[in-house]
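What follows is a set of structures for review.
First subunit A sits with subunit B, and in the next complex the same chain sits with subunit C.
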Partner chain A sequence: MAKGHEVSIRPKGDVAVIDIKGDVTALTGQPIEEAYRQVTAAGVKKILLAFASDCYINSGGIAVLIGILAESKKTGQSVRMTGLSAHFQKIFAMVGLTKYAPIRPSEDAALADF
Partner chain B sequence: MPRPRLKQMKRRLLDAARTRRELEKRIFHLKTLYDVSREIGSLIDTQSIVKNLLMMVVGTLGVECGLILLVDVRENRIDAMSQRGFDDAALAAVSRAVAAGFPVNVQAPIGASLLSGSDGSGLFASLDLRVWIPIVVSERLHGGIGLGEKLTGDPYTSDDCELLVTLANQAVVSIQNAKAHEEVVRSADQLSASLRRIQILESVRANLVKFVPKTVQTLIEESPEAPLLDKREADVSVLFADIAGYARLSARMDLEHVNQLVEVYFGAFLDEILKLGGDVNETAGDGLMVIFRDPDPRRHAMAAVLAALGIQRRTRETNATLEGFFEPITMHVGVNSGIASVGATKIEGAAGTRWTYTASGPTTNIAARLAALGEGGSVVISEEVRARLGDEFAVEEDMGAQSLKNVAEPVRAYRLMAEAREPAVAKVFVESRRHPRRPVSWPVRVWIGEKCFDGHAVDSSIYGICLITTARDLLKVGMSYRVEISVGGDSPLPYLAEVRNLSDHGIGMETKEPLPLG
Partner chain C sequence: MIEKKFQLHLPSTLGCEKVAMDFAASVAKNMNFPADRVEDLKTAVAEACINAIEHGNKMDASMKVGISLTVDRDRLQVAVHDEGAGIEGVASPHLDSKMEGKTDRRGWGIFLIKSLMDEVTFESTPEGNVVKMIIHLEK
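Moving on, here comes the complex of A and B:
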């Protein structure tokens, strides 16, 4: 059963923080893509994907994130990720996501990393 | 701690970490298999299955560019496709390759194929695919999962391919189910459209029946593709009836009241005509032309005369009913029998072609002229008709040889007594049925549309029953109904039966198929 999914955008200086709560799957990935399109349209070059600690992400959700990272690579945006459990940090590393969007242990650390 | 022991421990720790990573990867793959079976198994359209499967695949293996393609290999046409990461040029290359025979021309064994540019169309190279997993849904539907380089840059392993084959096999089952569902939906839609067409045709037929003579209906039902409508010589009886003084009546009343009057009287006449098997051929304002046919020349002459007498009787009855509202009317009725040219006549005009089904020739002409001879309330018959009737009907007056317009020879005419002998003759007519009747006691069910009514057959011939049922008022003379007849306690047998007449004694129904002897 999918948990309540919620995506919001929060500016932090020149960084757009996209807060992601709930399950991230192929079916629920659309709001994340929409948030990414919004900040891209606003000309934001630094994006932080901030996952809630109880986020569940399946392979379909990872595909959504790969699509966003592929797009950010083309537009020259920097993307960081934070809030992921140790398990998902390993999965993200395994599938190569961390190569394009490093994972940082906290929001402050991620913001300081841009 | 000694140095070799330290190295050994370090190696063990590295092995443990590698094993743990491998275990986590396997768990992730298992979770993907679970998600695929859960999410794709419930989908019922091929495109959604393909799209979701691709998302799972690229997410599991960490791939930016990938596609799943299903091709109708008989028509070299893309049936379904989902892709991620490819540009328009790459997709155009896919379309060209499919038109040229891809993926049938892929030289790879069933199962995973680590690519070495063996697709025969150059597609793998142009898309920079690193792995191709063939999919065979059916003899007609082939395809595959094609993936580009992993984000990690690592090569595809045999474990990766094994996972992809498992995912592809799950997808095949889901796609087969989706195709079966699509086929069922398509068939249901076609069936629904066909039923709608049948309903429209039935509605058209029900309305056209009001305008088409019964003979023509029968001919078309017997041979719908090529009904035998061409003119043939046949022995018939022709009845003409018209309202005396119709022109004067029309001048005194408004058109609406004249039409009402004609409908009331002619409606009553129609009951008489139909129950005796007559075929109303023409109605022209104040007149009716009715054709009676039967293999037995005496029988159709008798039916025509009975109908003529019935018309006069119904005129008297209706006059009495409408007394005080309308002036009474009188009818001129004439009957003649003989050979006529019976069939379709084509009338071609500038605005189009019209067909009429009629009986033409001297027999018809004489019948019309005899009607004109009659005084109101009488029936005038020719000598030929009288000869066929024998002594069954009482003649009121021998009118002698009459010179009739457009008839070469004078015709001897007789005026019939309109009232006295009708019931007796009707009895004779009934007794002269082609198929003798006998009393029976059979349960009968009559279907009127979707509703079923119980009844009882009280007598039967090989092609007919006399039915008593509560549905009497719902049945119409000349219409056919589905009936189920139980003979001697046996299971009910279905028949199509036409209502030939409605009387206080029962409903006469004629079947096309012979009834059991009981």
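Moving on, here comes the complex of A and C:
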């Protein structure tokens, strides 16, 4: 039932952009966690989570993101997010995720914000 | 206006909640709910179904999750039924506590449902749990 999900990493200067397409749920969270572990192992301190605008994100996916943000807080990494639909921007603000990873309106705006 | 009812039954398999989301969204769009409220409804229905699958029916794929939509003139009621035993009350989630690993990182479903819907009730019956959610056309 899960929409084809795809996670990839792009370097942009000293920022690692993690592109996330498809479902973000407990079932599909592993590739996102693996991408995060990979950039962390490479010593990256600035991470941009770039979501496709049609991502389906549920409470299980929110838990996956909390795990990543908790780890990034421990390791002193900065995380930003972009690409989210207006609905999920609202959901992330309600949950409080934006306190730990601000949402920016575009990739350029997010990259300029680090 | 005569009340209209629509029903759907799903197996208790994660991912199937997306069928319920599309089902509810289709009815809400037909009632002319604005796009942002349709998105609210989709998330609330998905979370109610996930709770029914995981906590009510304990991921037993042979147990069904029922979704009933009742269309009234100015509101849509969604009832999500499972076949499980009563679910214990869930404390309000707190992000800082989850970030620090003091509480399970999951547990956002009921918070999201209550935050996004206009009226929400939870019932446990001998036949299972029922979450009833109401969304009004003009909030």
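Keep this in mind: the second predicted complex is superposed on the first by the 114 of 114 C-alpha atoms of A that agree within 3 Å, B and C clash if a C-alpha of one lies under 4 Å from a C-alpha of the other, contacts with A are read in each partner's own complex, and residues count from 1 in each chain.
Following the convention adopted for this analysis, a contact is a pair of C-beta atoms (placed from the backbone, for glycine too) under 8 Å apart; a residue touches a chain by one contact, two chains touch by 3 or more.
A quick note: this is a predicted structure, and the numbers were derived from the prediction, not measured.
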If we overlay the two complexes on their shared chain A, which of subunit B and subunit C does A:Leu97 touch? Say first, second, both or neither. both
Would you check which partner chain A:Ala109 touches, where first means subunit B only, second means subunit C only, and both and neither mean what they say? neither
Thinking of the overlay built on chain A, is A:Gly60 touched by subunit B (first), by subunit C (second), by both, or by neither? both
Quick check for you: in the superposed arrangement, does A:Ala52 touch first (subunit B), second (subunit C), both or neither? neither
Considering only the touch criterion stated at the top, classify A:Ala86 as touching first (subunit B), second (subunit C), both, or neither. second
Mind working out whether A:Leu27 is in touch with subunit B, subunit C, both or neither, as first, second, both or neither? both
Intersected contact list for subunit A, partners subunit B and subunit C 25-27, 58-60, 62-63, 66-67, 70, 87, 91, 94-97, 99-100
Show which residues of subunit A lie in contact with subunit B when the two form their complex. 25-27, 58-64, 66-67, 70, 87, 90-91, 94-97, 99-100
What part of subunit C is in contact with subunit A in the complex they form? 13-19, 36, 39-40, 43, 46-47, 50, 93, 95-96, 98-101, 104-109, 111-112, 115
Spell out the part of subunit B that touches subunit A in their complex, as residue ranges. 21, 24-25, 28, 31-32, 35, 39, 51-52, 54-64, 84-85, 150-153
In the complex, go through subunit A and note every residue touching subunit C. 1-2, 25-27, 56, 58-60, 62-63, 66-67, 69-70, 73, 85-87, 91, 94-97, 99-100
